[in-house]
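Both complexes shown next keep subunit A, but they swap its partner, so subunit B is in the first and subunit C is in the second.
Let's look at the complex of A and B:
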């Protein structure tokens, strides 16, 4: 009940005209970046983040999370109407959403997608409400070795649970840590890895990396594929919307199952993309009408959408309570919290309860606002994709580079963003996962600090990571996750590398 | 035409190089035990080693599985499309460094619309300038975030 009182207090914080207006702005901007190719949720949040440095943290996080919800909705819209996933996490929605739209059921597909997404998000937020302060209280017992073990577990689960080759995941992650190490060393205060370049003195911002990897890289991909939008004209009719709402309870089992999958994948850093694919796969396997999947089965829209949003919102839980984000976008937001001077983790619940509960309350409101806005504005946003790419493409490029410049006001960052763009393009084409790199850049310093402090505590002995039950359990879990696929997969993969094409 | 195999090899070599750079850079700052615990270079050193090792595995995997990687990474048509997008973007960054982001944005949008979109030069130029002006008001007034400016803004006294 303590949580309930805190939540009510949070609603008091979130429910001001200013905050609700910010939610609407955030959702609209989010749908926009979700709809546009090359601008996704992580990238959109990165672009907006520098503009919020001067805002109050509560208002800023409401704006950014609302943008996140909006982007998730926007991504599903293009999946259904154009067969182009606006976000990697809405790829699975194209399998049945686009066939539904082609059969003249665009309104039903969109409404189903939005409502099940809203349902998934709500389940995620309820989970956060119930669990977060408990997790935070539990995490208060953590000291440096435990923190390092949690970070280790997070990265190990990328290796163990990710769809990509474990070695490619390690490369991507390691590069993230290496980039994070450039510049000032947070323990000794000295500079390192600058190779004599003044430009590297202040380090490499993770925001630049996200803008390059997700934004510019994605645009190069889009150009290479030769963009053609075969959109389906959609007019959202109120009558169809209500009819579809009536249909929704029929899919209660899919909804609940997909929410559970989504929440699990969101809390462990599997992320929304993996969650939506997994949920789609399971829904198909358990369905009595398997042949309908791929040809416009409503469950094929409900399952990935619910899981996608459940994962997206529950990814906030480990970010808030442990300081370990569950998705790339959550990682960017956590980086933002640190820039605003807030330290994500259990102490945040004690030091800034107004912030934490205001955020959680705003997630309830933000998702409801998002469902309403997205239903009302979809025809408008769908028409944006009819603008020729020769206009919209360069505008997105300009937005990305301006965004990169606003991070720190350094011209060098423009080159950096360009380089990350090329890297993002290569990584995407060759199935290197990008999310671990971003997560490593955000967590790099914290993970390293935790490691070094542990070493100081133990005078250089690694045995501290087995010194008590808690840390040992975490480490063993992490090792099992990290080494499992390496051991079982190495033999098979050395013989025959499989060209996976799953996007993360 | 670039095969998937050569792209895999090139990327793995590149990541190995970056890992090696981290290793070499870290050696300068000490990788052992100092007065305050592990020295600053230790963490990047081992991370660098990890990247090098994983890149080598990727290299080996690509070489061993060469048969499976015969597929095309980038064909002629795709390469042309990528280049036609990438080269103007590089020029945009160069121009932005020289003339500021607003002027570069106007020129870039004008060029792409005119050259690749097939719009008339006047329409393109008008759109370019309009976009730059819109960005100016949104950034400098609405968000009060100054961005990179060049000689034109200086001449107009826009600071």
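Let's look at the complex of A and C:
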């Protein structure tokens, strides 16, 4: 077990008072940027980057990765408490986390979210430790057709989830694709749907849409419903935290499955956001209590959180081993690596084992530190909900708009966020689902690029999606997931021509 | 065209006269470094290295704030600079995309609305193939491509950008015909080559160095007039200076390089241009800059004033020719 010895050596590097202090500072800063929607991990890490120029690479990367963990945790906090995802990858956490909070179970939801997130992250790191060399080789087998198949799989696992009519789901998803297409197109190099607005050149930021659709849309709804958060004036008891910790093993299956999905999406740059959506979709589909999902099912919090963090930590591996970042934050950190004089790529493991294994060891320690710190903050965050809406409402509006501005520092984005807020309100009023729009916006342009690259490679032949075992397997899985509900419905009708209402 | 020439003359005169006067102008508030790529990109790296050198050697009293405006292949940043006309506290970092982008996309800025300050390095382009491919040199590879036109895949970052321009130049010079596949950056194109999904790419040294060292890809030739600078061996047998130039290797292209450029908005005082040109000159003389150049295997070449104008004009003309021929030019 050569890797294990290296890891022990890594712990030797990472475990110093200075490094642990850096981890705590990083995690706290991360929670702060994670809680503010829009600021998020990539921006936070870029803001912190100049400070690390004079530090040694190990200390610098420990600070930055700890901030990343902190931001991932902070992002879930606002998802659960206010239905405003602090990070794109915590959108799926709102589906059940927020209903739980509204039912007075904010403490439980937060505890579950943090613990399962910590679990996912640890699985991700363990995977990196054991399989680093194999994973790097495996990732090399992925090209555009395989990427498209992965995105297709993510879409397929999410199809037919909502209770909304299929027509409304298609409208919502179509809008998402349209928003994702705005801006400069990589494959043709041309501009699309910008209508001469310079502000639209770089496309519509997904974060702006989320802040508007979820944050502002939700606030307008709440105001209409009568200026209060229903039933979340929960008592906060430290005992609840411990009780929930005891509950966690009950969800072992969800935890393991979601970690696997997360690691998979982190390595094949699907990214944490796609991972959390896919994990939520599959958890709901395989659950025996489907109707509980969306109304505060604990699994609905556990599944996306586990996958999100498993993907977040395993995304570090492609960055180190291939020089291809698996997430936006990893891209910023990769820039940092080069400035500190390190070349990410296959040789990094051989040339700078101190750095690589120090980093991997710090990922174990950093996540443990992060879980302990966030668990300690639960009573604080949960008690925010006891503040009257008349006070917290305006604060959320301000935070939303500050967040929208920080995404790129453009006043135009404020108007955009407001428009999305109105759209979000209308969506809810007319019972259109928001999730398909969000998913299409996150994965739409990536899926499109991958598809078009595949078509260029194969000179227009669709057979490229069956051209090797890997891509064919992925496509078959995707098709099975997409058509599954349809088929099982048809089969069900054939077998039981007169279904009883109880069975439906 | 007349407008362009007059702009060049004005700027050249301004730089020539201000040589002695630069001490008169100093930034009075924090300077914004506008990066025309997303975080982690080549231009981002360039700007942040400059930032780290300035802060380490205290070359400027005012602090530096870096902002990434990489939308639309960098157009976002250049438009931002154009709108900031007259603001001497915004320094924009780019490549030759500053003056080439407006050819291929309908954008709300013209190159002459920006003031060139300096070019600090030339990034090189190489022809890479997979290490276990049966080609010993560039000529045998090109011959193989010629034998089977439209089957070999050439990967690059984005479309109608440097990589595709170079691919088009290679096709013209040799008669070979590639399928060009645009990816989301040189790093991705490098991994695709290492994984054997494409047959070659024209990555910059830095984008493929790791894969070369690991024995996944191998360079055939470099599109530079001379061989690259000598340095430590990258693999057991080869270093950067052992790579033949493409002209030696039988591809008749003398030179294809990408300048790393620094710009100010239009309408700024000539003293400010001179101040930043001098600042960049100082940066380029530090050991940290040399280290950056070596690590990324670029060519260290500092250009400002008249030299820079001449360089931009010839680079612009050269690329424009390809764009016209390929029919990429809009409007």
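Note that the second predicted complex is superposed on the first by the 273 of 504 C-alpha atoms of A that agree within 3 Å, B and C clash if a C-alpha of one lies under 4 Å from a C-alpha of the other, contacts with A are read in each partner's own complex, and residues count from 1 in each chain.
Quick note on the criterion: contacts are C-beta pairs under 8 Å (C-beta built on N, C-alpha and C of every residue); 3 or more make two chains touch, one makes a residue touch a chain.
Just so you know, these numbers come straight off a predicted model, no measurement behind them.
Enquirer: Just to be sure I read the superposition right, which of the two partners does A:187 touch: subunit B = first, subunit C = second, or both, or neither?
Expert: Both: A:187 reaches subunit B and subunit C.
Enquirer: Quick one: classify A:338 as touching subunit B (first), subunit C (second), both or neither.
Expert: In the superposed model, A:338 contacts subunit C only, not subunit B.
Enquirer: Is A:241 touching anything from subunit B or subunit C once the two structures are fitted on A? First, second, both or neither.
Expert: It touches nothing on subunit B or subunit C.
Enquirer: Between subunit B (first) and subunit C (second), which, if any, makes contact with A:456: first, second, both or neither?
Expert: In the superposition, A:456 contacts both subunit B and subunit C.
Enquirer: In the overlaid three-chain picture, which partner chain does A:402 touch, first (subunit B) or second (subunit C), both, or neither?
Expert: A:402 contacts subunit B only, not subunit C.
Enquirer: Pick one for A:195: touches subunit B only (first), subunit C only (second), both, or neither.
Expert: first
Enquirer: Between subunit B and subunit C, whom does A:418 touch in the aligned arrangement: first, second, both, or neither?
Expert: The answer is first: A:418 touches subunit B but not subunit C.
Enquirer: After lining up the shared chain so the two structures overlap, which partner does A:50 touch, if you call subunit B first and subunit C second: first, second, both or neither?
Expert: After superposition on chain A, A:50 lies in contact with both partners, subunit B and subunit C.
Enquirer: Which subunit A residues come up in both lists, the one for subunit B and the one for subunit C?
Expert: After superposing on chain A, subunit A residues 50, 54, 187-188, 190, 409, 453, 456 contact both subunit B and subunit C.
Enquirer: List the residues on subunit A that touch subunit B in their complex, please.
Expert: 50-51, 54, 165, 167-168, 170-171, 174-175, 177-178, 181, 185, 187-188, 190, 192-193, 195, 216, 219-220, 223-226, 388, 390-391, 393-395, 397-398, 401-402, 405-406, 409, 411, 414-415, 418, 426-427, 429-430, 432, 448, 451-453, 455-456, 460, 493-499
Enquirer: Quick one: which bits of subunit C touch subunit A in the complex? Just the residue numbers, please.
Expert: So the residues of subunit C in touch with subunit A come to 38-41, 44-45, 48-49, 51-52, 55-56, 64, 66-73, 75-76, 79, 104-108, 150, 153, 158-161, 179-184, 187-188, 190-192, 194-195, 197-198, 206, 209-211, 213-214, 216, 291, 295, 328.
Enquirer: Give the list of subunit A residues in touch with subunit C in this complex.
Expert: Spelled out, the residues of subunit A in touch with subunit C are 42, 46, 49-50, 53-54, 139-144, 183-184, 186-191, 196, 198, 201-203, 322-325, 328, 331-335, 338-339, 341, 343-348, 408-409, 449, 453, 456-457, 459.
Enquirer: In the complex, go through subunit B and note every residue touching subunit A.
Expert: The contact residues of subunit B facing subunit A are 4, 7-8, 11-12, 15, 18-19, 21-22, 25-26, 28-29, 33, 36-38, 40-44, 47-48, 50-51, 54-55, 57-58, 60-62, 64-65, 68-69, 71, 73-74, 77-78, 81-82, 84-86, 88-90, 92-93, 96-97, 101, 105, 108-109, 112-113, 116-119, 127, 131, 135, 139, 143-148.
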